[in-house]
Amino acid sequence: MTPPRYSTHDMAARLAADIPDGAYVNLGIGLPVIVANHVPEGRQVIYHSENGILGVSRSPTTDEEYDPDLINAAKDPVTLIAGGCYFDTAESFAMMRGGHLDLAVLGAFQVSATGDLANWATRDATYPPAVGGAMDLAVGAKQVYVLMRHTAKDGTPKLVETCDLPLTGTGCVRRVYTDLGVFEIDADQRCANVIERFDGVSFEALRAATGMRLVE
Amino acid sequence: MIDKFVTDMASAVADMPDGAHVMIGGFGSSGIPFALIDAVCAAGPRHLTVISNNTGSGETGVSALLREGLVDKVICSYPRSRGSVWFERLYTQRAIELELVPQGTLAERMRAAGAGLGGFFTPTGYGTALAKGKETRMIDGRGHVLEAPLAADYALLSAARADPWGNLVYNTAARNFNPVMATAARCTVVEVAQAAALGALDPEAVATPGIFVDRVAVREAL
Amino acid sequence: MIDKFVTDMASAVADMPDGAHVMIGGFGSSGIPFALIDAVCAAGPRHLTVISNNTGSGETGVSALLREGLVDKVICSYPRSRGSVWFERLYTQRAIELELVPQGTLAERMRAAGAGLGGFFTPTGYGTALAKGKETRMIDGRGHVLEAPLAADYALLSAARADPWGNLVYNTAARNFNPVMATAARCTVVEVAQAAALGALDPEAVATPGIFVDRVAVREAL
Amino acid sequence: MTPPRYSTHDMAARLAADIPDGAYVNLGIGLPVIVANHVPEGRQVIYHSENGILGVSRSPTTDEEYDPDLINAAKDPVTLIAGGCYFDTAESFAMMRGGHLDLAVLGAFQVSATGDLANWATRDATYPPAVGGAMDLAVGAKQVYVLMRHTAKDGTPKLVETCDLPLTGTGCVRRVYTDLGVFEIDADQRCANVIERFDGVSFEALRAATGMRLVE
């Protein structure tokens, strides 16, 4: 039986619930940016964008708000929150690499039992590889959470014993949020501790969809 | 009297030789020196090495240089933006060389060149394919990669306003790579939307001091 | 809601333990956190290592910490300003340890710590007594010294204005070491002349983004 | 016969005459700062101060001009010229070390035949040593000119075959301006080429006051 799966919004909301008040957070391109829409009321989060913004806010809604220079890492137009500021790329990555961000939320192709992350290159050699700021975020943020579907489109597990795709960083992932549950990587034990199994997902179903040892 | 304004975009880049290494500021379409790039396309130096975060989109910016066949090699972090068709075409034809560098390492290598440093150890990329062939070292129990400074012959930049000494202020997120590239090139050329009188820029908000700037050209009003 | 303002100078430094490594901003008498230093003197943690460009003058600033006997070691570039009598007294009595670092290397070591780098090669100091015992390397025909990052437990800084998120603007040359130290300490504490409302500071002129700041205390009007 | 000697102002004026229009210049503490008073009319020079200023101008003359935070490297109050700007120490030394200054003018205890510079430490071990920005300027500026008395107070030469005082930098000095003349260091030939002998200074007198080979 196919286990029930959470929607991307459910997954994003589950991760958002774990972001502490006052945190400085970088949300990766793709799935992770959705997290911003699900942060609980009354919790203040300051979003960092690698191109040189602290205090990224919502998309512009009027012509007056629209500034073609003011874009986020995904190159989409955004606005600045009161208390936000600008800086250049060298300083932006000093912030990232220097451990000043409380949390980076990244997408992933694979996460290994020792917290290795593969999220930048596929096996298609004709397609140009692109890394952007992923490797800097992987090594730099105080915590790296991965938000991803539990399995690839073809059903193969993305939580794996060892990554066989090119690595973004080694031993950097702490937690993984998927459409089946929440997992904490234990690199010493080479396993993932199951923090939460979503409603209707049996441990057996989870194990069948996972390529590394699970501990509950 | 010091006056770094030049008459137009063409004269700002007229002396760029074949084989030049050229940094181009910007991220996505923000802070890109479109007018200077057009002037380079018109002048037509060949066998350029372009150092930029992206590879342009559509027919403008870095894409235009690629389309004109002026570029042998690109050093960048993210050559795969929406509409980077010209780069993808050349890359799949194996008609262009790509040196892929993590974005923070790209910026930091430029800063090292601009700041007179001989190189630095960074944890970024350790244990990955992008560290292949590079010297590594464990520092405080953590793997690091030794990265070399990255300089260029020219930097083509975009800013909001400049004064005659080349002091620059930017608009919002258009800074990105522009200030760090300004420090790392032998000849730093800037296009600005507007000229400012000496003393008109807030000395607390100058993001690129004029000492890093050689030439400034003002964009024509649209 | 994020609010980094604390009630007074005393509470801003109350948790500083014996043996702490403390960066202190300023150059000469410009940009020195005099009020925070007074609060440390009153709290009286001992065996401090002070990291600062100078060693104070007269009876205030770093001099006060030295006079109170709270400092075991100083890491600085220029301990010999006019009126650095307390440092000279302790130094000639061999009652204090001195690590002398070229000023640019001092700033760059802090930047490396703040920027998450494992170290850097610099030509500064190569072939001199200050490179003694350090790894050296020829890079592009030039001698370089490998320098390590320099972090601290606390940074005590001075700025002109701060908002509740800890964004800082400075006055003229009072920036000096303050912005780079802000990045390199586990706990960055700032005294300011004036508090600003959120959104009141020009986002283009913020020299220290609030992410680097933990606590802000407003100086009492004289 | 003691050769006639130029005053500090004569020496500073001689050096100032060689500073090109539009140059970015750092003047060291002590003798070198006097150079600013002697730059010929109509020549624009932008002065850098290591604590984070480009465009250092004269001392304040009114209460309104006086800003206690606005000091130069010698810790004396200054003003900012229109077109000047501020930055922090890390950026200031990036400028210096990165070869962006056209000229640094430094004082010296000794300069060697290979252009080594000794200007920061004496032999007095009880007195705390202080280096400040001297080592960064020595390696960083495009040109390093030394402005110094030709001999020490006790008459010993300061232009020497090999420095015996602690070095500031190796092979960094290009030109030396003294009260007897102007000299260009030729590190390959291990000598100083005499660019200019001041009026009334014989080559023999120069040689007697100099500890390295002179070529005229």
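So that you can tell them apart, the chains are marked A, B, C and D in the order they are listed, and the count of residues begins at 1 in each.
As a working rule, contacts are C-beta pairs under 8 Å (C-beta built on N, C-alpha and C of every residue); 3 or more make two chains touch, one makes a residue touch a chain.
Since we're looking at a predicted model, the values are computed, not measured.
Between the Cα centres of chain A and chain C there is a gap of 35 Å.
Rounded to a whole number, the gap between the C-alpha centres of chain B and chain C is 33 angstrom. Rounded to whole angstrom units, the spacing between the C-alpha centres of chain A and chain D is 54.
Residue numbers of chain D whose C-beta contacts span two or more other chains: 80, 86-87, 93-94, 96-97, 139-140. For chain C, residues that reach two or more other chains under the stated contact definition are 108, 111, 115-117, 122-123, 170, 172, 203-204, 207. Chain-to-chain contact here is organised irregularly, matching neither a line nor a ring nor a star, and falling short of all pairs touching. Contact between chains, per the stated criterion, is found for A-B, A-C, B-C, B-D, C-D.
Within the complex formed with chain B, the chain D residues making contact are 21-22, 24, 44, 46, 48, 54-55, 80, 82-87, 93-101, 139-140. Against chain D, the residues of chain B that register as touching in their complex are 1-2, 111, 113-117, 163-165, 167, 183, 198-199, 201, 203-204, 206, 209-212. Partner chain B is touched in their complex by these residues of chain A: 49-53, 67-71, 75, 80, 86-90, 92-94, 96-97, 116, 121, 126-136, 139-140, 166-170. Within the complex formed with chain B, the residues of chain C that make contact are 108, 112, 115-123, 137, 139-140, 142, 144, 169-170, 172, 202-205, 207. If you check the complex, the residues on chain B that touch chain A are 27-31, 53, 77-82, 84, 87-88, 91-92, 98, 100-105, 107-108, 110-111, 122-130, 143, 170-180, 207.
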